[in-house]
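In what follows, structures are represented as structure tokens.
In the two complexes that follow, chain A is the common piece, with chain B as its partner first and chain C second.
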Partner chain A sequence: MHIPDGYLGPATCGVFYAVMLPIWTAASRIVKKTLKARQVPLLAIGAAFSFVIMMFNVPIPAGTTGHAVGGVLAAILLGPWAASIAITVALVIQALLFGDGGITAIGANCFNMAFVLPFAGYYIYKAISYNAPIDSNRRVIAAGAAGYIALNIAALLTGIEFGLQPLFHHTANGQALYCPYGLNVAVPAMLGEHLLIFGWVEAIVTALVIKYLQKQSPELLKEGEVA
Partner chain B sequence: MFKNNNFIERSIAGVLSFLKESVFSDEYALKKGFLQSIDPKIKVVLFLLVLIAMLFIRHSIILLYFYISCLTFAWLSKISIKFFLKRTWVFIPLFSLFIAVPALFSVFTPGDAIVTFKIAKASFIITSQGLSGAILFVMRVVTSVSFAVLLSITTRHFELLRTLRVFKIPQVFVMTLGMCYRYIFLFVEIVENTYIAIKSRVGAKIHYKKGQHIVAWNIAHLWARSCQFNEDVYKAMLSRGYKGEP
Partner chain C sequence: MKLITKLWIGIAVLIVLSPLGLILPEHFKAGSAWGEWSSDEMQKLVGYIPQGLKKLSSLWSAPIPDYAFKGWEEKGLPHLSFAYVMSAVIGIVIAVVVVLIIGKILIKKGK
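Up next is the complex of A and B:
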């Protein structure tokens, strides 16, 4: 889901930086206010955690593997605002140091994966697990559903961002300047693979991790929310 | 077909390539070449300007000049061109090349036909708009990726993260970035050790469902360790005089 440089036009890149700017500012203000001094390293640890989750290969049927983004998991464990900062940091490091995801597309990537994904996932999880005890099965199901739905919302938005490029940017004779596929191709392509494969990977990983934490360290699910 | 344990090998391979990349980057960043001698702050600003400028270019020939100049800079910075080409083309530009192929045809890009051929009874038309759009797309992607990689391998990672302060990014981000980078190495090592331990104890192939449990257990365990670790780090920060500001 990491959009590389060259897929999005300058206007789209600029708009997403402009959209993310107030979100980043709000996130840093809220986290600074609610973060206890004791939890300061937790943000950096959360960011490193978000980075490393993406490196885990998850086995799926037919002998192949996929990987989870872990955005919803980070939001459940850290709270949506702190998760937003943690994932942004992970994405910046990936783009700047490892060429994974474009530098000009950091705004768009952060919008999809550090804003929509954790916030949608967090509130879906909260809604389904409302008032459920820490060790209840409803929390596991809520985590899985949140992982699946939020990742697909993020994938849909990524597909729309790709699909709008030929509409916004083309030459007079119809030649595409950036991502060459319109909404009719980009959206089904992005959404299809996430509805069928990656959404499930995200759901299974998020649900199972919550299940393990319930069993082994339930206190982490109680205290987990930083902001 | 439904049994495999290649997810363990793939994760270990991912970890190793991460470490290898970091080591290689440091090795190149320490060479005495052209780009290494430029102040990182100036270099970051210049490279960002180039990346932004590249978004506005509408002709693949200009992008080609940019690409050639990027390779020249890499050569002047004492980077092996073979390594650089391999590092930049795998995986994003090759993937882009692959997905750009259908865009050549009139089904996706209608326009003036330049080649028409028939396979079975279906006729395929390559349009000039499709061809030039695909070339422009792949050229832009490969040139952007090459410049981004060139920046990251000619600058020490720490310095690169430190330069972000120039852009007046909120303190909480800059501090988190610096600390996060160190933790990634620690976490990657934990993951590598755990997986090697699992691999050495698993003789038979693992059913994918069991594999998913192993991955989830690892992530949960990593988080539990992280939280425990947080306490120790905070105490260490306090003992070194941390008062809430980095």
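Up next is the complex of A and C:
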């Protein structure tokens, strides 16, 4: 889901940087108000978890690969704004140091994976786990569903961003300048593979860790309730 | 053991296992992620390299491209797996330092 350099035109790249700037500003402001100093180590773990989970490329035999983002977990435990910061840190390092995701596409990649994903995941978890006791199975299911749906929303957006490019940019003879595949190819490809395979990875890792924390540290889940 | 220690052990286990993200796709003959093809792959897929893509794709030269040390591309899976683990360690150490700095700037002690 890491859009490389050259797949999005300059206008799309610029728009997403422009959209992310106020989001990053708001995230800093809100995290400054709400996050406690003792939660900072957990935020660091959230960034580390997201970073490493994205390295687990899951193959579709003879097809493509994809991965989870691990960002819904941080959103459940620390709130969507803090999660947004943690995932942004992971994505920026991946782009700058490892060339995973383009530097021109940092705005778009952060919009998909570090903004929409944690927010969608957070609110889906909230809705499904509403009023559920901290140790209930409903919380585990809520975490899984939030992971699955949020990753797929992010994949859908990525597909749309790819798919719009041939409409915006092509030469006089019809050759694409950036991503050559339109919405009719990009959206089913991105969404299909995440619905089928990669979404389940996000669902399982999110649900398993929540299940683990129910036993190990229920107070952490309680804290997430007010984040 | 403190919870935070246990979670760090979990991260360490994931780092050690991370080469699975390299080995499994290789084993099942899976190609690049959708929309993350190199220029050569693009040439094969659509018959040309989009001009804008050609220009922008070489814009940034990452120090550890694709989690592999430069010049190690042909060294085989054991070497690449080692580089993958080292990349995870380097990436995570930097991520943790950056988050701690952000935390230091944003959040006052004792809150």
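Everything below uses one rule, namely that the second predicted complex is superposed on the first by the 201 of 227 C-alpha atoms of A that agree within 3 Å, B and C clash if a C-alpha of one lies under 4 Å from a C-alpha of the other, contacts with A are read in each partner's own complex, and residues count from 1 in each chain.
The rule we apply is simple: contacts are C-beta pairs under 8 Å (C-beta built on N, C-alpha and C of every residue); 3 or more make two chains touch, one makes a residue touch a chain.
Values in this document were obtained by computation on a predicted structure and should not be read as measured data.
Look at A:Leu73: by the touch rule set out above, it reaches chain B but stays clear of chain C.
Of the two partner chains, both chain B and chain C are touched by A:Val58.
By the touch criterion stated above, A:Met190 is placed in contact with chain C alone, chain B being left untouched.
When the two complexes are overlaid on their common chain A, residue A:Leu157 makes contact with neither chain B nor chain C. In the superposition on chain A, contact of A:Phe98 is made with both chain B and chain C. Of the two partner chains, chain B is the only one that A:Thr25 touches; chain C does not reach it. Contacts of A:Gln216 after superposition on the shared chain: both chain B and chain C are touched.
In the superposed model, A:Met1 lies in contact with chain C only, and not with chain B. By the touch criterion defined above, A:Asn173 reaches chain B but does not reach chain C.
Judged by the document's definition of touching, chain A residues 4-7, 9, 28, 31-32, 37, 40-45, 47-49, 51-53, 55-65, 85-86, 89-90, 93, 95-99, 102-104, 171, 175-181, 216-217, 220 lie at the interface with chain B and also at the interface with chain C. The touching residues of chain A, when paired with chain B in their complex, are 4-7, 9-10, 13, 24-25, 28, 31-32, 37-49, 51-53, 55-65, 70, 73, 77, 85-86, 88-90, 92-93, 95-99, 102-104, 171, 173-181, 185, 204-205, 208-209, 211-213, 216-217, 220. Partner chain A is touched in their complex by these residues of chain B: 1-7, 10-11, 14-15, 18, 21, 25, 48, 51-52, 54-56, 58, 87-88, 92, 96, 100, 103, 108-112, 129-130, 132-134, 136-137, 140-141, 143-145, 148-149, 151-152, 157, 160-161, 164, 170-173, 175-181, 183-184, 186-188, 191, 206, 208, 211-213, 215-224, 226-227, 229-231, 233-234, 237, 244.
Of all residues in chain C, only 3-4, 6-8, 11, 14-15, 17-18, 20-22, 24-25, 27-36, 42, 45-46, 48, 50-57, 59-67, 84, 87-88, 90-92, 94-96, 98-100, 102-103, 106-111 touch chain A in the complex they form. By the touch criterion stated above, chain A contacts chain C in their complex at residues 1-7, 9, 28, 31-32, 35-37, 40-45, 47-49, 51-53, 55-67, 85-86, 89-90, 93-100, 102-104, 158, 162, 169, 171, 175-181, 186, 189-190, 193, 216-217, 220.
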